[in-house]
Amino acid sequence: DALQTRFDEKIDADQKIEPQDWMPEAYRRTLVRQISQHAHSEIIGMQPEGNWISRAPSLKRKAILLAKVQDEGGHGLYLYSAAETLGTSRDQLLDALHTGKAKYSSIFNYPTLLWADVGVIGWLVDGAAIMNQVPICRCSYGPYARAMIRICKEESFHQRQGFESLMVQMRGTPEQRAMVQDAVNRWWWPVLAMFGPPDAASTNSAQGMRWGIKRLSNDELRQKFVDATVPQAAILGVTLPDPDLKWNEERQQHDYGAIDWDEFWEVVNGNGPCNKERLANRVKAHDDGQWVRDAAQAYAAKQRARALKEAA
Amino acid sequence: MNAVASSVHASLKQLLHLADNALVLGQRNAEWCGNGPVLEEDIALANMSLDLIGQARMLYQHAATVSGGGASEDSLAYFRNADDFRNFTLLELPHASATSERDYAVTIVRNFLYSAFMLLQWEALQASNDAQLAGIAGKSLKEVRYHFRHSRDWLIRLGDGTTESHQRTQAALNQLMPYTAEFWTSDRPALRAPWDGLVNDALKEAGLLRPSVQASLPHGKTGQHSDHLAPLLADMQSLARAHPRALW
Amino acid sequence: DALQTRFDEKIDADQKIEPQDWMPEAYRRTLVRQISQHAHSEIIGMQPEGNWISRAPSLKRKAILLAKVQDEGGHGLYLYSAAETLGTSRDQLLDALHTGKAKYSSIFNYPTLLWADVGVIGWLVDGAAIMNQVPICRCSYGPYARAMIRICKEESFHQRQGFESLMVQMRGTPEQRAMVQDAVNRWWWPVLAMFGPPDAASTNSAQGMRWGIKRLSNDELRQKFVDATVPQAAILGVTLPDPDLKWNEERQQHDYGAIDWDEFWEVVNGNGPCNKERLANRVKAHDDGQWVRDAAQAYAAKQRARALKEAA
Amino acid sequence: MNAVASSVHASLKQLLHLADNALVLGQRNAEWCGNGPVLEEDIALANMSLDLIGQARMLYQHAATVSGGGASEDSLAYFRNADDFRNFTLLELPHASATSERDYAVTIVRNFLYSAFMLLQWEALQASNDAQLAGIAGKSLKEVRYHFRHSRDWLIRLGDGTTESHQRTQAALNQLMPYTAEFWTSDRPALRAPWDGLVNDALKEAGLLRPSVQASLPHGKTGQHSDHLAPLLADMQSLARAHPRALW
């Protein structure tokens, strides 16, 4: 029909779709799913790093980490707002998270064992996230694209901060260097898995590409990430824990070893080291805050009633 | 006598008191990060913690210069023990109430009582003879104005919200008000009347009763703390102390 | 009447009153009040020291402290049992504690600021408690006297352990010596107040003496304690914070300065540094444990029903 | 080669694993001291913590001899960091559940699952070639028999008590059972069948369902812990580390 045609034309012309525009239900549903998953990831992602705020080893690092975790909360906020423009309320989105219906990035189901993990999360996890997200800054849905532009700016700031903090630690004591290496060993493979299953096994990708929601395939993004990260690791002086990782002169890209997709699916399916705990913490914070939200609502209602009475 | 020694400085004791106040409350409030009752509040509390940690850093840096002997902001924050800390006892208490291990009413009431005090304190300190401290006061005053408005708004919202929120807030007030007695052991009795004004005015709007202070005077400012400071510091300082030669 | 006469004769002959014996209501009431106050003190007294179990600075000291706090729980248990022989249930006694009707020793409303406080509590607080309690080992009510004998044995063990730990700390670093002195400065006066108001102001004492529940007056006990403690402080190498403390050649006792009874009454009346918190912790532990006690009771009832059914 | 070096010793790794297990669970369970649901349980839990701390001390002393280099029970307990600790992840978890910050069902279920395992482990270790370890096993076996009986009795009482106690206990079981997978990464697969027997038998009596273990394998034994060990150690070690030259 005409609406569909108009929509397709806009997509083809790389124009933005805006909230008030007509859009196919599947497009709307896919976007809500993707944006809210991203929002949930930001919120759940506050936990592994938040875990170290109280013990940050200098006041400067404490402030940087607190600001970073706060930024993640802010990203959650923008993204929930973007999802709300598609007609789903934040309460509905949170409910889906809390009941386990909605997913979030599996990477946040790994624990942060050392202070070095905080730096490595900044460097690798945020690095991978940026790789994933930069293309979305050009995505077809206007509010999402605009939120991503802002988020990507902040994420790359975090990524540089993470790398810088690792540089300092690598100039420190031998124990510090060992801890950074240990953190890299543990995070490397889960980070590679963040880009999602290999293209051959990936569903939804083609439609996502067609709609301008997805711009690059999982494997393309993963390759770009590996190629960008290898020289950074060399600068840091850490070893990436993959004996098969090497430059392929022919492809002009790095080859890398096989990812353990069984582990990836285990974690996606709720059996990672911290899945239950991350969700339980989130639900508890939400439930414990119910009375506060109720109070704010009750007060606002009273204020409205008072204003009406005065106006009358 | 060199230039630094001849310029006017606030006492080390006063600077550490102000710095410890900011750090300890900043550390406490950061416990809400990721656990707030609503995302906007999570972010607001983290913001205020950041302000406080920033104030603590400026104050410790200044204190480190005054004290000399190789002190730094981090040696003062991470390598002093609980009995060296000079913060008000109020600020080290956990967010716990009889109802809950982490009660937002306790957080809001404390922030309100303390920010009302600091609003007046920083205002006065802008006129300090110690130019550096006066500068810190000016910057902190802008921040504390927001802290005061934020906690005052929530105090009223909670006091005049639901029956439960009213009860929790009144309970938090009853629990914490006695600790404010320590504010007046400082050298600023002149702040008492304006503070009473700020407090009474907000309580009235919130429909809350001001409890009469009847309890032994806390002595955090002289280094005699409650049972709660040592565990807070144990956690905060653990990593820095485990690796004293590390670079961060 | 005959019962009263028989009771008085027993008291005069220094014989024990046993649970099944007739006794005046006032005697019973006084005993229940005194024994349960003592039991409550043991239970609340677990908190200030318990606060340091997790941070005890050596495994040996951790074990000693944990064993000590556990002993205090045990004392509470004996004493509640002794009180129960007078016809008041543990639930009733606990209820009186939790609702603030029953008192406990004010000394436990002071915080334990340093590890040295743990040693000082053993040395001074347990020392004062023993001074108070030894005479009660000869008290007229049998179950109470027998409980006290056992308790006094354990308390004097704790007192020696506390003193020994302070001796070690005084041989340590200058900071350690300063911390011991600081703890002594803070505990000395509240410990002197533990013996209760001066005889001139003390109610109930005469009747207690007559009944063989109290054997020595508050001031007599306090004097004995001061005289016993001064040489111990000298051995330790700490200064007792009382400029008026000195040997009185004439009295062959120590003179000591004036106790701040206003502070004492403030704390007794609920306004000490930790009153509210101590009680709130106790109430919380009790309330949180309700479901466990309910479960134990439900299970016991089921077991009884099953046994009956099998027997039928 | 001197006499000590020629006698047979368990590996330092194994001794530290056993010692860290005992210390970490002893430390966790001591959190109940003064907070138990009923006075008798308060005392029983403190008793079991004392047993565990006693076991840890014997094991660390032995480990210190084996390792040499001036190590002592306290240097091993207080001056190693979280990633040096070799305890099972199960033992470092807080007593928290979805229902409560300190849930007695979690405590009982953990004590049950672990004491059933240690019952078998100590029994086997009585035959160790390391005579000292065999002796520690003999002493510990007596203690763990009581721990097992205590936790088994309570497991049944709670499982077959009220609806609430049944639900809490089943939830605790679901929460903790996955962590027991780490027991079988040890060199004692022969213990698995008898352990299953002890567990299944008690669960049946308690009317509880055995959840199927479906979760990623914990790696505490190799030094990769949950988020919960570092804060536990920060608190435990704070005082000893603040005064490294002190005498205690």
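First chain written, first letter: the chains are A, B, C and D, and each begins at residue 1.
One rule holds for everything that comes next: contacts are C-beta pairs under 8 Å (C-beta built on N, C-alpha and C of every residue); 3 or more make two chains touch, one makes a residue touch a chain.
Each chain and its UniProt protein: B, D = Phenylacetic acid degradation protein.
Everything quoted here is computed from the prediction, not taken from an experiment.
Between the interfaces A-B and A-D, more contacting C-beta pairs are found at A-B.
Chain B and chain D have Cα centroids separated by 40 Å. The distance from the centre of chain A to the centre of chain C, each centre being the mean of the chain's C-alpha atoms, comes to 57 Å. In terms of their C-alpha centroids, the spacing between chain A and chain B amounts to 34 Å. Rounded to a whole number, the gap between the C-alpha centres of chain A and chain D is 37 angstrom.
Multi-chain contact residues of chain B, defined as those touching 2 or more other chains: 230-231, 234-235, 238-239.
Within chain C, residues 55 each touch two or more of the remaining chains. If you check each pair of chains against the touch rule, the ones that pass are A-B, A-D, B-C, B-D, C-D. For chain B in complex with chain C, the residues that touch the partner chain are 82-83, 98, 175, 178, 214-216, 218, 224-227, 230-231, 234. Remark: chain D residues 23, 27, 30-31, 33-43, 46-47, 49-50, 53-54, 56-57, 60, 73-74, 77-78, 100, 102, 104, 156-158, 160-162, 164-165, 168, 235-236, 238-240, 243, 245-248 touch chain C in the complex. Those residues of chain A whose C-beta lies close enough to touch chain B in the complex are 43, 46-47, 50, 53-63, 66-67, 69-70, 73-74, 76-77, 80, 115, 165, 168-169, 171-173, 175-176, 281, 285, 288-296, 298-299, 302. Considering their complex, residues 81, 101, 230-231, 233-235, 237-239, 241-242 of chain B touch chain D. The part of chain C that touches chain B in the complex is made up of residues 48, 51, 55, 111-114, 179, 182, 186, 263, 266-267, 271-274, 276-277, 280, 283-284.
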